[in-house]
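Below, chain A partners chain B and then partners chain C, in two separate complexes.
Here is the complex of A and B:
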């Protein structure tokens, strides 16, 4: 593989991760944490982010040992060739299904809020074609795109949140610390799985020019995402109160309907939130899609991955159409994030770290 | 060969770029500004000529009208006229009847040539009859909340009689009644007799405390007025609060901008304008009883005294006198309003329950299951302080 052009900085990886992780999950996050912990939802966000930080650091410790290695090389070295290939194949399937879910959620929400008459299929295919184009261009353009889009998304988000601030009522977070600890602990995974996408460190680490700096990537991206999540949870709950937050399917989109600018031209600022959200979900899908096709090419042993992007498209498309309705989509996504997320964000990195440490010790003994 | 490839590419691009499903020309877009929802009544049938004509085959007609429950009116402006071109009425008003709200909307598309768009809706008026029907009001609220295009800054109001009539009247400065109401609610110097309650507040309050107020809209031929409010509880309208009662409730909720009040001091009617500087509610437990206390502070100025009474108002003693009288008067008024809300309606409009949940969670744990019985029997303590700072330009 021609690696000369495929080099990114660790800060670029942080931008990729941040914009990938903030995707569909952010729309439902306030609802989920409020359902689990009531007014103490923000504690869940902090705790979950801390877990995600730990997970990221574990991945960092794994990839640090194998600089410049792809995921297949890395897992084959640690687990042995057959098991490593199998794990990579499972990882590929996992990412493919994730792409499908993201793109389906995009289609459902766009149809609900923006394009009422356009068939869902068309929305999905259009989005997939766009992301396929980005995914085909490789890691460097994706990294640059993330670097450009992330500040745009963040700045717009901050600007459109400003008019909501006079209407927030922070007393909705009272009483503090009244939720039983056991209930809090049960809720933590919800937030942890909102960090789905961070496992792509394992796949993309091979492209980073200085792998020893990836821990900075982890701090930076998890920090940014946590900031995003905390502010969105605080604003949503402070504006809607507890009951209504849990009642609305996508509270984050709904919150911008509570803002009204004077005048009639830009009266409804939902347009802006849709704009930044579509950018963000576009990047999420593109990055995950890219990860999936890259893994597939590595598993098959092909030198180039871009041949695999387009053939994947119909597969993703059909998986995206499997759920019958939004409720089923939400359920399945939750389940999928629970199991797949646990496996690839916690189990796989820990296992790899453990085994590689074991191997190292053995080698040290042998040579000693 | 290259030319052939280009040709295929261009043909492909044409296929992908044409045929937008959601294309609507702006002049075919009907920006529905106001929605009026009424309970369907039998007499209305005669007026619904168009409906009758459409369903003229006998048996079907009776079957249909038995199922009709709602009568819904939409109004949208004549955008051509606003732009200075077009002609005709400034507003288009369409009414139809149906089993549920969406049904009506779909039926109306058989009579309106434009695409109904609800993203700019400003006003929803509900008729008293519909508001008093639990099932209907719940259906209406759910339809509004569920709709992706209706925002939460909409003014939801309740009117005596038919909601349709409100949309039909045209107040002098702004003929579109929905826009008129929007401007009316947004003006700076609004009196506290108009309750500060938009759809966002109503939905949140209904969710959190199962009670809310909705502004009352009154209309005559060419005059519209918003004053007073309807008390909603358990998903239905219980009754009205008058203009002064609404003002008092707004003081209790600490949502007033300014109020006008007059007291008789030394035989002279003294009119004052007061602004609220403090409105603090506390709920606590005393000897096993729930006590709700309000600390209210107002300050303002004398606006009217009596001509040719020199040094009438410019005396500290007089001002102190006015202050005590004002405080007494306000206290009596507010107390009676609170007791009406508390005893007659049993509606926790001041959100005392929510206060307990937030600030006194231990007490709330004890009372939350039968808060509906405890609230009407809670003790109330109101302290009002009024301060007159200025007396105008003459002594």
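Here is the complex of A and C:
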């Protein structure tokens, strides 16, 4: 449809990325980080964020060379047509599976905290239908949605966190640097992989009105996400202590169960955290879903991506139901994030940067 | 978009043949009589002019649409009586009859000539008077439009405490005059056209040349030109034919009955469409802020205006969500409430035989019925219905144990909140969506409510009104910080130097010089 002329600002892309990345990663991050580095988890978060920033900048350097190009055009130019198409197809599969896992995680948590008797399948299907509607509407509405929802999510989160502050005990973090450096380094990838979603820069860069400003997008989104992650790790550990944090499945949700607003009308505040969490996971799913169907249409060579949104739905649904239980889901997601994340966040951008540079040098030689 | 294509299939040129006016007076008269054969309210007044009564003249007009006094005084009298003194029969003057009549005989302020019979007939039908006479291949059209019309009255649908109390009427000429009175700017353009193959309704596109958003103006004109329909009864026809997305409950064009609202919109760079026979003017593009503001916001002090605006956003949320949240909490999440309140709610619902969803549907349905009945009934009975429906039924329903008292409170609050939205068409969109949210709450609890809300928000983000995002200035790439000065709050007029940026107009300065501060003496010293 020509109704939306499909142009977004670099700041809007930052909002999309921030709300996408925070979605699932935030729930288990405190647990993972504390398992790996104990009290020095926050250092881990900083280090991982730095890596993510570097990865984002590499992506920026790649997309800057091909302004206004879709991922398929970009990879076909760099790798040649067959390889480029293959890479795009793999990217599409990766995003589809990511959508499925996110929807499944959403279903599990909603069942556990909000709707105890509703079948998981119903939750997954309704969520997919809702996100399909958003995914069909295109990049501009998604950008506007993120722009509106991100401040709402952030402000609500801060408001909810405020009453916890008197109860935190920062001595859990002291003394710092208790963990050996080698162990810290081993833990860094965990944080790096909770930045999954940032690789969407490669897919969405073609829509940005001024591609030379995408580095601002990277700084802004990684900065916002890091702020989120550090504060949530610090608050969770400071409130629960090290051992408890590692033993709870969803520590971030549990922490909000303990919040008591003095003298308020509403007793169980975790419903509010569920609100903002539903918003953020809805956006994550919608954006990744959109990315997947966009890539599929590009690989096939169709101009209309939204024909592919609904046909993808049953596929995503079945993939989402493959894991047997929460534990397996968590395991698989972790593994998946490790391999897929390494490939698309680090290997692909670096490779593309290298090859495009090589090609450029070649051309320079030819003409010179 | 196919819908648009079908609807606006290329505008056909008027298929009617052109009939040139002949020199022969009788032939012309016969042609006109032939075309207007079935209309008995046409008056043909034939008479003869000149000393020797040799020249044939005729006036043709529609009884009731033309001003007979004017005709008698300025046309018939001067032609029949006064022109006798001039020797019109004289051979020397014979060729110049028209000049003589135009320059000396007709004492009317507005007249023109047409050369084509069908065009002349159109003029008769819109209330003008035709003057035809011998030896002249043109027909004189004398502006005599005057028909029974309502005077300027207080607009009943958009009342304000402070502000102008006059509203538009059904006569377009009066409406343009009301706008012109507020904008004495030569750049105020009023472009008129006729839409409707049969109704030939007058439609005017109004804008201020240097301020208007050119892209919007172009779109409005294009879409208006595309319309090919037999009649236009009300501006709602035009609204439905030119809006961006017909599959949306939200109005994408604002309408108003108030000249001050329309003038303010023109000053913001919007385009106004006036339609004859209706007091409702259309304003495009519509944005969510425009639909949630009342002209009073700008007339009152900004603290109060801001507070009331926040209240409106809150009431919008209440009108949309309250029954849904009631259903979700009572049926899925009773643990959310403090224990004492939860016990009370459970206790009050103890005797109610229905699930919360059915209970809410009964009551919300009843209040919709009441509202509809209140609008349709004659005013004196309307009040009775209000009492019988609202008080008696509500009380009886609670006593009979069909609904819980809490539900009655929820319904009443929702109804009040829905009424506090200034734009009626915007409010009814939310009325409809409320039922959708109630269904979502019944099936999936608070998660369903969130899901439905996010889908509505997606839809709103997707909407554009003439290329301008509907949610401007909250989420639009062209928004600047300046636009938030007049959004969910309104800052003092002193700080609103710029017109809304999301409309991208040319001359963007609203306020050039701030009012003189009541200068303290220190300030003056500093200046020295």
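Note that the second predicted complex is superposed on the first by the 360 of 368 C-alpha atoms of A that agree within 3 Å, B and C clash if a C-alpha of one lies under 4 Å from a C-alpha of the other, contacts with A are read in each partner's own complex, and residues count from 1 in each chain.
Just so it is clear, a contact is a pair of C-beta atoms (placed from the backbone, for glycine too) under 8 Å apart; a residue touches a chain by one contact, two chains touch by 3 or more.
None of the values given here were measured: they were computed from a predicted structure.
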Requested in this report: Identify the partner contact of A:257: answer first if only chain B is touched, second if only chain C is, both if each is, neither if none is.
Outcome: first
Query raised in the report: Which of the two partners, first being chain B and second being chain C, lies in contact with A:118: first, second, both, or neither?
Result: both
Query raised in the report: Is A:186 contacted by the first partner chain B, the second partner chain C, both or neither?
Result: neither
**Report entry** Contacts of A:243 with chain B and chain C, given as first, second, both or neither
**Finding:** first
Query raised in the report: Counting residues of chain A in contact, which comes out ahead: chain B or chain C?
Result: C
Requested in this report: Look at A:360 in the shared chain and tell me whether it touches chain B only, chain C only, both, or neither; answer first, second, both or neither.
Outcome: neither
Requested in this report: Quick one: classify A:178 as touching chain B (first), chain C (second), both or neither.
Outcome: first
Query - On chain A, the residue positions that both chain B and chain C contact, one per complex - result: 114-115, 118, 122, 267-268
Report task. Can you check the complex and tell me which residues of chain A touch chain C? Result -> 1, 3-4, 7-9, 12, 110, 114-115, 118, 122-123, 126-127, 130, 133-134, 137-138, 140-145, 147-149, 209, 265-268, 271, 274-275, 278-279, 282
**Report entry** Residues of chain A touching chain B in the complex
**Finding:** 39, 112-119, 122, 171-172, 174-175, 178, 240-244, 247, 254, 257-260, 262, 264, 267-268
Report summary line: chain C residues touching chain A in their complex are 1, 244-245, 332-333, 335-339, 341, 444-448, 450-451, 454-455, 457-459, 461-462, 464, 469, 471, 474-477
Report task. Report the residues of chain B in contact with chain A in the complex, numbered from low to high. Result -> 20-22, 119-120, 145, 148-153, 186, 200, 203-204, 207-208, 357-359, 361
